[in-house]
Structure formats: C-alpha cells, structure tokens
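My structure is below; once you've seen it, I'll send some questions.
Naming follows writing order (A, B and C), and every chain is counted from residue 1.
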Amino acid sequence: MGMSFFGPALVLLCVFLFIPMILTLIFSFTDFFALNPSLTHFTGLSNYFSIFKDEDFRLAFFNTWKFVLIIVPVQGLGALGLALLINKVSHFKGYFKVAFFLPVVMSLAVVSTLWIQIFSPEGILNTLLAHLGIAAQPFINSSSQALPSIALMSAWQGVGMQMIIFLGGIQGINPALYEAAELDHASAWQKFKDITLPELKPLCVFVFITITIGAFRMLVQPMIMTGGGPSHSTYTMVYDIYETGTVNWELGMASTMAIVFAIFVMILTVIQTIITRNKEDK
Amino acid sequence: MSFVELRNICKKYKGNERYSVENFNLEIEPHEFIAFVGPSGCGKSTTLRMIAGFEEITSGDLFIERKRMNEVAPRDRGISMVFQNYALYPHMTVEKNIAYGLQNMKVPKDEIKKKVDYAINMLGLEEYRKRKPKNLSGGQRQRVALGRAIVKNQKLFLMDEPLSNLDAKLRVSMRTEISRIHREIGATTIYVTHDQVEAMTMADRIVIMKDGIVQQVGKPMDLYDHPVNKFVAGFIGSPQMNFFDVVVDGDKLTFSDGASMTLPDRIASKLSCHNKKLILGIRGEDIKVDNLALDTFKNNILQAKINDTEIMGNDNNLYFTFGNTNAVARVSKYDVKEIGETLSFIFETHHLHFFDPDTENALL
Amino acid sequence: MKTRKQKILNWILIIVMAAFSLLFLFPLIWMIFNSFKGDAAIAHDLHSFAAFLPPALSKGFFHNYTQILFHTDFLRYLVNTVFYAIIMVVLGIIVNGLAGYALAKINFPFRDRWLLIIMLLMIVPMESIITIHFFFIAKLGLLNTVIGLVLPGIVNPFNIFLFRQVFISLPDDIWEAAQLDYCSPIKYFFTMVLPMAKSAVATVGVLTFLGVWNDYLWPSLVFTSNRLLTVQIGLNAITANENTTMGMKLAVITLVTIPVIIMYALFSKQIVEGVVSTGGKEG
C-alpha cells in the first residue's frame, strides 16, 4: 500500500529529477549536440577545462559573483535594519510588514518590466535624481551600471522576505535578557550590541547564504531587462546554461556548466543546512 | 459457548528480547463486561489492540464467534472501539462523526438518521449535534466517541482507557454512564484501564496483568478476597493492603520489631511452618480497633503510635508504623483517634493473607 | 512604562518609517496611478509631484485597461494561466500529498532511505536540469502542450517534505477509528488527512498557484504558440508590441499583479510561512 501512495511521485521523481540529474552528469563528459546526437563522443574532462577558457562563461561566472557581492550586503543589512525598526515601533507594525513584503509576491517579469520604465533615460528615477541636482544616469543601458542596477532592483524585491525572517528571530529572543540588561544600566546601543546581535548571529549567516543562493540563480531579470548586455555585463551563469542548452542545443557543454553551477549552490545549501541544524540544537 | 477466545496469544516486538504479552488465555462469554487492568506497560493495551487487529499477533489464536481472526482486517472483525484520545474526526460535526461509519457501510439514509438520533438522545448530546469536536468538553467528546461505537451495532466493544483524560469527578459519572450503556445494548465489552477502581466497579470479570503475563482472572470480589499473589493483593483495593515481614513458628507469628501474636490452629496447621519467614498481608478494614474486638481477642492486642490521620467521616484512615513498616487501618467514625495517641488493635484472623517471600505467591 | 522622551522618539520613528515605506513603494505607486493616464500625461506628470497621484476621474480613466482587456489577448492568457495553475495545484497536492503521507505513516520498503533522498533532492537547484527537461519535453513532442508545461513541475521534494512533516503529527488512532468505520486508505487520505491538514494543503496550494502564475522561464521555453501563453509571457508579448503605449504597459503589469495581491491578502499567513520555510526557492 505504501508504494501505491508513493508510486506516482516516484515515477515523476525518476523521470524529472533522477534521470535528468544522471543525464546531466553523463552529458557533462561528452560533446552531446541535441540536434545531431549520433555525433556524440566521450570527451572526458575537456568540457570542464574549456568552459573556464570560454570568454562568455568566465564573464558569466564573475558577473554572478559581482551580483552576489552587491546584493548580499544591501539586501541582508537592509532586511536586518527594517526588522529592527519595525520591531521598535509601537503602531502600524502590520502596515510596515505588508508594505515591505509586497514586492516579494510580485513576479520577476512584472518587476523587471516595471523597472525598465523606472530606469529608462527619461524615466521617473532620473527625473527624481534631477530634482536632487544629480545628472541623468544610464542605469541598465550602460555596461558599468547595468549589473548594480539589477542587483539593487532585486534587493528591493527580495528584502521583505528576509525582513520577515529577522522579525521572527528578534521576537524569539527571550525578553528577560533585555530586562536583565536594563537593571544592569545597559544603554540601547549596548543592548543591541550585546544581546540582539549575538542572538541573531546564526540567523544572519542563514539569511546571507539564502540571499547568495538566490543571487546565484539569477536569470529572468537580465533576460527581460538587458538580454544579458550591454556587452555581456549582465550575463549570468544560469543565463549561459540556458542559452547553451536550449538555444544552441549544446547539451554537453550546458551540462558541464550546470554541474559547476549546481556544485556551488549545493555547497552553499549544505553549509546553510548545517548552520540551521546547529541553531535548532541550541 | 464463548464469544471471544484468546488462545496462547503472544506479542513480541521486533528488536525486543522480552515478550510484551505472553501466553494470554481467556474465554469471554457473550454480553460479558471484561476489564483488563494493570500498571502501564503490562501489555493490557497491546492485547486489546491485537483483538482489534491494530497489532499483529506474534503467535497464538484469536477467535471471535468461533472464527479465527488473526489475519482478518480490523473492519471485518465486527468490533467497535473507543480510543483513549477519542480519535474523533476533527473536521466533522458530532452528527457526522457518529454517522460516518454507517455512511460507509451504505446504510440507507433514514435508517442512519434513526440510529444517530437514538445515540445522540441516549448520550444527551442533542444541543451539540452541529458542533465540532474542538468546541466540546472532554466529557462530551467521550460521549461522541461512545456514540460512534454504539450506532454500528457491533457485538464486541473495545475500550482503551476511555476515561483517563477526564477529571476525577467526570470519571465517576462517565463510569456509571458506560455501565448503563452496557446494560442497555448488551454488547460484549473489553475495557482496558490502569485504574483498579474502574475495573472493580464496572467489570463482570477482571483480568489483571503484569509484565505481559496474566496474574489472575476473576470476579472483582474474588480478586479482592482471594488474590493469588502479592502483586494482585497490592494492586486491587484502596488504600493498599498492608504487608509485614513476619516469622511464623507453629502458631506463633513474630513481627520484625519483636511484637507477636498467636495464629488460630486452623491457619497454623495449614501453614505448618517452622521458623519460616513469610509476608503477612492484611487490608486496612481488617485491622480492628473497636472495643468489642479488643475484648474478644485480649491476647492478641498489638499497639502502635498514630503518625497521621485522614478523617473523611464515613471513611477514616489511621496511619501508624508497626513491625518496621508503615501501615494503615480503616476505622469507623466512633474509633477515630488523634495523631500521637497510641492505637490498640487486633488483626482479624479470618482475613489474613500469607505470601511466600521468594515467589510472592499466596499460601493458604 | 515608557518615558515621555521615548514616546516622542517612537512617533518620530513611525513618521520616518512611514515616509521611507512610501519611498520604498514608489515604483508600485507610480505604476498603479500612471496606469490610468495617457502617455502625454505620464510624461508631463513626471516632472512634478503629480507623478505619484492618480489622474482626475474622466471618461478615459480606464482607457488603458479596456485596451488591454479587449484589444489584446490578455484575457486569453489570464484564462490559460488560471487553468494551468488549477491543474498544477490539484495534481501537486494529490501526488506530493500521497507521497508525504506514505513517508509519514505507511511502512514500505526503504521508506527512510526515500525520505533521505527526498531531503537531498531539496538542495539540487532546478536551474541545473531545466535544459534536460526542455530536451525531454521537446523529444516527447510535448512542446506547446499543457502536459509539457505541467508534467515536470508536479512532483516537488519541498512539498513532499512539508506534507510529510505535517502528516507525521496526525494521531494514528484516527486512522484506526476510520478503519473500523469502513473507510478505505484512499478515502481516508482525501476525506480525513487533507481536511485535517488543511493549513498545509492551503500553503502548498497557494504557493503552487503563485509559482505557476509568476513562473517565467519554463513557460517561455515550452510555449511558442500565442494561443497557449501564460500571463507572464503574454505580458512580454504585449509590451513588445509597438502599438502598446506606456500607460498600457503599466496597466497590464498592474493587471498581472492584482491577483497576486488578492492572494496575498487572503492567504498572507500561508504565503509568509511557505515562502520563509522554503527560503523562496519556489518563487
């Protein structure tokens, strides 16, 4: 009876998870070309060497890291700050939570389409900057600003989620700690530094890794907003996998990239799981 | 003809060395109310669940109406069950909970309504028909669970500690309620409890278990008056039977603090001991302190200082230390004494129990 | 007890936060209010505070919206997406729910192994196998079919695990009682387990719905036929059209967002719980 319940899921798991994972691994050692599978050769590790020689993939790899370096501090610290402030206010907590969470539920396509308008040379953002006396910026139309622009937009969209996680963590801190500190004449800053921060430390690590993983997976925003440009400045790893595999049908090469990508993400996930588990043990 | 028969039923869980239930033999007559009683972990619930079919029977045979049931699915054994935590369907109203089994049995609608109405009436649940379990009190939930068992008209009722989640007062009233229902519908009932009071007050016969082994089967008063071993003697009855380490030599019985009394010839000859260590058991109400008894048995008067008292008017317990053991005497309201006073008493020799200190089995 | 100074600071903080929240939401405010304006008005208002105000109520107030609803394929995309989402929600709950129940309550060979495998699968990023999925679906001739869109996404290790965690805490005696009430295992699952775990079912259902509604990459791969597109891909088609004005673009993205906001209003608890517990990996 167990199998009749588990069976449907098992069949789908095999077809759409196990077999694709195995195939990805196998293809990564071949020059499999989906439009002409008969020409397939086993090529050993050569794909793994050639992707790192490949200009586009190297660019995509470094762009992904650049994206991580911008979005992690902005989104992570932003979420922590918002959570601390919302926790402090005595009224309208509900409104603030909803306001900052709202972009989380919106789709990437909608957010991207909206921000194309906002980032446009004569758009609302440049108009606002003009009022502050700042010259118009090219944003997503320049190879130097496109990636940071998309990173900031993504941080804007995602910050609400980590804010909720931090709020949960802050509310989980034993209030007696603050009462004890109060009797010890601790200032507000000392309470934050000596109680809030240490108590939230494991959660911070968790949140920062979550954001990093999310950043690694970025694809839709550049796809819609910049097409990976200008001059490949917003081309990401997943973008490269997608183009190589589904546009050019070079499944061998795409699989190698997918394996490299998956290894990075899985390492991060494992670290995160270990940290989360430790947190729960405490 | 027995209605339910358990023949050498054993249960051993995988990975356990010991049997959880060992060689359980019992024949249950139709309409009988049987209680399985014993401390937690004694195997009483496991046995019930083997009868229901929720636990596999490791070895032995189970017959219900002379049909072997070992491999029969629970639903086809013709049983109803009341669970310890009620197991009500949380998202269904009282009515639906009771009707659910009948609906699945494809009973015609008007008949379902009739049966459900009958059960709801019988249990006094009229005003709660449309409520969901979470909006009911413990006692009401218990009634719904009973109702669900009743309507299916099964011939065998199984109850697994049904009152253990209720408060003391409610437990007493539900006890009479269950007895009344049993009288009304007459289904054979097996009732598992750890509370000897429930077993004594409700059951026709009691099966008392310990460590997976049946200790004694019998009518409540048989168990009370003629326990086969020290465990049964101590488990049945409240306050507990008093036990003393004694040495018996002919008709002379000596307590460990040196006090002694004389045994009637009838007992002495049956025991026929020569300087032998035994355990003496006597119930609180068989320790007599009234003047008539003291006058009658002048030679056997014993004395101790009262440590503590529990005075309830109709039921008064005097606690004292005697023979290096703490003991209790139940006395009438005319014989109540104060803490610190000296109590003179005699042991009613008709109701003495003797146990072998090694096997703990009853002698006599 | 708060001192007077703390009270004043608190209200200053609230005012600052309120101002900041408006600044944070300015893209949305701008999107909604300008979706009612013509392009000339949008461009004109850009240079004043009117950019963040709705236009005066006039005859053409809903012009952009009527254009989108009645002169593009938007309604078709909408119906398509709701249809796909419902299929996915129903099948997802059944398939993942049954598997979660088996892992929680039924003894079958290698059950604990399977549970471990499901947990390991949760760390595999789907992006790394999406090309293979596409290859499969293309080879099976399922491009431009509903099956092609739905099939690879039905089974979801996160949802299996979530269901398993919820089901394992259901009391066993209810299943025993149901057996005595002549309830079959499959009937028990649908009439007892799912209703008893309705909060988890709602979480999975809502997240699956939002997942299908918001998904971009997979439908953009599977569908090329305009007839089948989802709102997210259709939105691209509409905004790419030369005849689509700025106001209409804002109107269409507002339209795509409204159902999500409604879902959030109705199921905020489930969404927040679900999004937080999966780390947003489904979004």
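Everything that follows uses one rule, which is that a contact is a pair of C-beta atoms (placed from the backbone, for glycine too) under 8 Å apart; a residue touches a chain by one contact, two chains touch by 3 or more.
Bear in mind that the values here come from a model prediction, so they are computed numbers and not experimental data.
A.B. asks: Of the chains shown, whose Cα centre falls closest to the middle of all protein Cα atoms?
C.D. replies: If one averages C-alpha positions chain by chain, the most central is C.
A.B. asks: Which one of the chains is farthest from subunit C, going by Cα centres?
C.D. replies: Chain B.
A.B. asks: Please compute the C-alpha centroid of subunit A, do the same for subunit C, then give the distance between them in whole Å.
C.D. replies: One centre to the other, that is 18 Å.
A.B. asks: In whole angstrom, how far does the Cα centroid of subunit B sit from the Cα centroid of subunit C?
C.D. replies: Each chain reduced to its C-alpha mean, subunit B and subunit C end up 58 Å apart.
A.B. asks: What is the distance, in whole Å, between the centres of subunit A and subunit B, each centre taken as the mean of its C-alpha atoms?
C.D. replies: That gives a centre separation of 64 Å.
A.B. asks: Report the residues of subunit B in contact with subunit C in the complex, numbered from low to high.
C.D. replies: For subunit B paired with subunit C, touching residues are 52, 54, 73-75, 79-81, 83-85, 87-91, 100-101, 104-105, 148, 152.
A.B. asks: Within the complex, which stretch of subunit C touches subunit B?
C.D. replies: So the residues of subunit C in touch with subunit B come to 171, 173-174, 176-183, 187, 192, 195-196, 198.
A.B. asks: Looking at the complex, which residues from subunit C come into contact with subunit A?
C.D. replies: 10, 13-14, 17-18, 21, 24-28, 30-31, 43, 46-47, 51, 94-96, 98-99, 101-103, 106-109, 111, 114, 121, 123-125, 127-136, 138, 151-152, 154-155, 157, 160, 185, 189, 210, 213-217, 221, 232-233, 235-236, 239, 246, 249-250, 253, 256-257, 260-261, 263-264, 268, 271-272, 275-276, 279-281, 283
A.B. asks: Subunit C touches which residues of subunit A in the complex?
C.D. replies: 1-3, 5-6, 8-10, 12-13, 15-17, 20-21, 23-24, 27, 34, 85-86, 88-92, 95-96, 98-110, 113-115, 117-118, 122-124, 127, 156, 158, 161, 164-165, 168, 210, 213-214, 216-217, 219-220, 223-224, 238, 241-242, 244-246, 251, 254-255, 258-259, 261-262, 265-266, 269-270, 273
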